[in-house]
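Following this line, the structures themselves.
Look for subunit A in each of the two complexes below; its partner is subunit B in the first and subunit C in the second.
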Partner chain A sequence: MEKDIRQGRIWVLLDKNGKIIEDIDTDQIYHNAHLHITDIAEMGQFALGNLEGWTDFPKKCQGGDIIIAGRNFGAGSSRQQAVDCFIALKVNALLAPSFSAIYFRNAVNSGFPVLGVRDLESLIAGKKFVSGDVIRFDVKTGQAENLSRGIPLKIEPMSSVQYEIFKAGDLFKYGKTLT
Partner chain B sequence: MGQTIIEKIIQLHSKDEAVSGRIVWMDLDIRSARDFGGPNVVKHYEREYRDSPLADKSKTFFTFDLCAPACTLKYADNQQACRDFARRHGIEVFDVDRGIGSHVLIEEGLARPGSTIVGTDSHMNVLGAVGCFGQGMGDVDIAFAFKTGTTWFEVPESVKVVLIGKPSAATDAKDLTLFLGKELGTKKIALRSAEFYGETVKDLGLAGRITFCSMITEMAGIIGFIPEYGAELAGEMKRFSGRAFSPASADKDALYADSLKLDVTGLPPQVAVPPSPNSVKSLAEVRGTRIDSGFIGSCTNGRTEDFARAAEILRIRKVKKSVMLKVVPATRRVYEELLKRGILETLFESGAIVVNPGCGGCAEGHVGLTGKGETQISTGNRNFPGKQGKGRTYLASPAVVAASCVAGEIAGPEDL
Partner chain C sequence: MGQTFSEKALGRKAGKRVRAGDVITVAPDYYLSHDNSSAIIGEFRKLGLKKVVAPEKIVIVLDHIVPAADEKYAQNHKTIREFVAEQGIPNFFDIDAGVCHQVFSEASFALPGSVIMGSDSHTTTYGAFGAFSAGIGRTEMASLWATDEIWLRVPETLRIEFSGRLSPGVYAKDVILKIIGDNGADRANYEAVEFVGPAARDFSLASRMVLANMAAEMGAKNGYFEADDKTLEWLRARAKADYEIVMSDPDATYEAVLKYDISTIEPQIACPHAVDNVKPVTAVDGKPFHQALIGTCTNGRFEDLAIAAKILKGKKIHPRVRALILPASREVYLEALKKGLIEIFVEARCVIVNPGCGPCLGAHEGILAPGEVVVSTSNRNFKGRMGGRDSEIYLASPATVAASALEGKITDPRKYL
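What follows is the complex of A and B.
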């Protein structure tokens, strides 16, 4: 299926020392000062608005880009806005070694592709993920490739429920297929 | 094969086989939404399901606690949108007068051992304190739960954590909890359910259990349970629900992903230093750090016992002139107890600012923010950058916060 194949330019969320940022919490992704906003279109401008070194992300990001982050991405609150702000920016997918449970669910339920990557640090150290590279992957099989460098990669594919929801579009649409 | 506690609870609510690692469909005993998340739940519901009825209105609730009463126009609008929806559907609202939603659910006897509860509150897993599987979820999840009464869930693996030894007499449940965060970080119980054993945790009453279980979120865990309990807890729980307290226990041959032993012998008071709740030091290491403000409250330390402990220290002392101490009871019921026991008076007379119940002081915006350069000491559960404003936040027990507010610098009661 075409929807299964994702391709885009990557942003690797590194800190000022060049280390992948772990435990990025929802206040850093979408600050609670903007929680009263209910219109998704308004949320993009605040994405990563409280993450040191990345506050200008909404300006740099182009539709179709892919974000790569450190483990336990999305720790903190249950706010859906922390997913919606990326949807608003038309971010293509988010890859990380692990996500907080709530964040992961929120993304899955919105049909937004979040996928696991093992050994992210060594992939970054081995220059297999460099900001600006274009990568492509299949959400169902986990087959991936860094197109800019011609390197094949492997990411963790979606689970069956995640894939079903993703295919339906979101949790609501999926729910309606069940009855 | 034997089952862990989480497997047992989920199994009671699912036709699928509840084995860790499996994704199952799980029935929900209660689904709730707060004033944040709630308006989006309403929006999703109306877009997707229009006027069609909820799965079960008697199991559906709104709890307003974040901005209570509303301090911005947007929150006022949002709360009203939830109230209107609630009226149309006949749902009960625990409104802005009631306090922190998860605590209200316990006090109302709705959060019972063995039940499943979801809400738009990332600290819904505080309900592990009463043997209930509480889980925070986003607004899409909750709208779906309002409509269907079910949710998908990956049955988590479990970790067994045994606390051995007796901490020093100066510590309380918060010190244990902070120590736990230091030892477990965000890795050891990440995405897992934790079961805590040992004399120290067994003896905790409801307030202490709430403190302990509330910070599982900060350790990236799904939920924490304290299966063994004493008569005190059983009594408290019976008073709330009118039923005998009978939480699930794990089978002897249950399968654990990991098993850890933590020695808490002689543990001194602990303090989490900014910017993470898991960067924890002993009080001795941070003693003397100047503070500008203090906060006692939150879903972690907002129970009567927490304020009683602070009042013991503040009874014959005053909050230092240069320090602002904010006091926010978790619920209206707690507030009432504080009033009747004279604790509010003590706190007031010591110079504290005492306000109505809710999440104020923890959630940004309500009951004030910290400014750039301000140092705060708080009984809350989070000190991430920007959580309560631009200042730096230390996390500690009610006793340490109260003592620090008297001293004007981080201190324990013994330093006064």
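What follows is the complex of A and C.
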């Protein structure tokens, strides 16, 4: 399916020492000061607004870009704005070694592709993921490629329930396919 | 092969035998939401449905920004009250009740063996009563209102066995901080965490709530204690429905078993800006700070306030420090009032804040200015969570916070015993 293939420019969330940032929490992704906002379109401007070195992300990000982050992305609050802000920016997908449980569910239920990637540190050290590269991957098989460098890669494919919701669009649309 | 608590509790709801890793659909016993009910209502309306499927299962507690701090929050509360009336939702708790997890527990919606979903990440708290309870997002909550069904992946289980006895000046908060510090903020991602062993049974229900609450800070889907005599005693006067205690089989399969002799643990503190950046209090002894906070869904219960009052009695908060006390609920507040704790706090120059989440999530009632430092009994110290983006949050037990408030710098509470 065409929807299964995602392609885009990547942003690798590194700190000022060039290390991948781990445990990016929901206050760094979407600060509590903006929780009263209910219109998703308004949320994009605050994405990563409290993550050191990345507060200008909404200005740099273009629709279709892909974010690559360290382990335990989305730790903390159940706030769905931390997923919605990326949807508002039309971010294509988010890859990380692991996600916090509620963040992962929120993303799955929104039909927003979040996928696991193993050995991220060695991929970054081996210059297989460099900000600005264009990558392409298949959410169902996990087959991936760094198109800028011509390097084949492998990511974790979606689980079956995640894929079904993704294919339907979101949890509500998925629910309608069941009845 | 035996089953874990979570496999059994979810299997009962699914009507079949399930194993970790299975994806199942269940109808929970209750679903909890708070001020974010306003956003959930928005999602629910989008579905075009007139009525929620099971109004009796919905529990709404206003706690995050109570009383409303500005017009936007006031409008959110108004929207919720109107929806509650329109849908005939019987279990609605307005701004006078307290923090949702405390109120939900006091009203005894948290029953052993039951399955509870909440649109708050600390919904793990009800594991203290032997329930399966997990946090979800607002889309899922709207979907629950509309269908009374939710998909769940049955979690693997991390078992933590406690032995020994706590040393004086050491509390449940120190134990969970130690575990999180040792194992990392994502050690239990997607997993159930069972707190068991002789020392687990020694913990009061209030202390069990501290551990189950902060299981969320290890990434856990749910926390769990076996229901025992203490649980039954709590439920005797409160339970409004029948329940069945569910426990893991002796031959259940665990992802891992961790063993802790709690007698070796000393007072702990989580340093900025991560809950797993944990040190012994002695390592940061003498660090000056600006605000002390005792309360929240983690440590705002009567036993917490009693420990703080014991340390503060007859003394004054350091002049450089502002000290906030937030009883977790109206019930806790009233007990503290009747037993003279509130007088001790006011005499000591503390500010009593109404039951609710207060400044914990950075919305009102004690926000930090840039560069300020707070020592708090709450559960999260993410950068900027309580206000100014370069402010700092230290997390500790009520005893550590009270002792530190007296000295104006981070202090080992054992000298005040």
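Heads up, the rule we're going with is that the second predicted complex is superposed on the first by the 179 of 179 C-alpha atoms of A that agree within 3 Å, B and C clash if a C-alpha of one lies under 4 Å from a C-alpha of the other, contacts with A are read in each partner's own complex, and residues count from 1 in each chain.
The criterion applied here is as follows: contacts are C-beta pairs under 8 Å (C-beta built on N, C-alpha and C of every residue); 3 or more make two chains touch, one makes a residue touch a chain.
Since the structure is predicted, the reported quantities are computational estimates derived from the model, not experimental observations.
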State whether subunit B and subunit C clash or fit side by side on subunit A once the two structures are superposed. clash
Contacts for A:Ser100 in the overlay, against subunit B (first) and subunit C (second): which applies, first, second, both or neither? both
State whether A:Ser78 touches subunit B only (first), subunit C only (second), both chains, or neither. both
Per the contact definition in the header, classify A:Gly53: touching subunit B only (first), subunit C only (second), both, or neither. neither
Please work out whether A:Phe172 is in contact with subunit B alone, subunit C alone, both, or neither, and reply first, second, both or neither. both
Now for A:Asp27: first (subunit B), second (subunit C), both, or neither, which partner does it touch? both
Which subunit A residues contact subunit B in one complex and subunit C in the other? 23, 25, 27-28, 31-33, 35-36, 38, 50, 52, 71-72, 75-80, 83, 98, 100-102, 105-106, 109-110, 159-161, 170-172, 175
The residues of subunit B that touch subunit A in their complex are 23, 36-37, 39-40, 43-44, 48, 72, 74-75, 78, 120-122, 136-141, 143-144, 147-148, 152, 154, 186-187, 190-191, 217-218, 220, 222, 276, 363-365, 382, 384-387
Could you pull out which subunit A residues touch subunit B in their complex? 23, 25, 27-28, 31-33, 35-38, 50, 52, 71-72, 75-80, 83, 98, 100-102, 105-106, 109-110, 159-161, 170-172, 175
Contact set on subunit A toward subunit C in their complex: 23, 25-28, 31-33, 35-36, 38, 50, 52, 71-72, 75-80, 83, 98-102, 104-106, 109-110, 159-161, 170-172, 175
Subunit A partner, complex, touching residues on subunit C are 23, 36, 38-39, 42, 46-47, 72-73, 76, 119-121, 134-140, 142-143, 146-147, 151, 153, 185-186, 189-190, 219-221, 274, 276, 361-363, 380, 382-385, 389
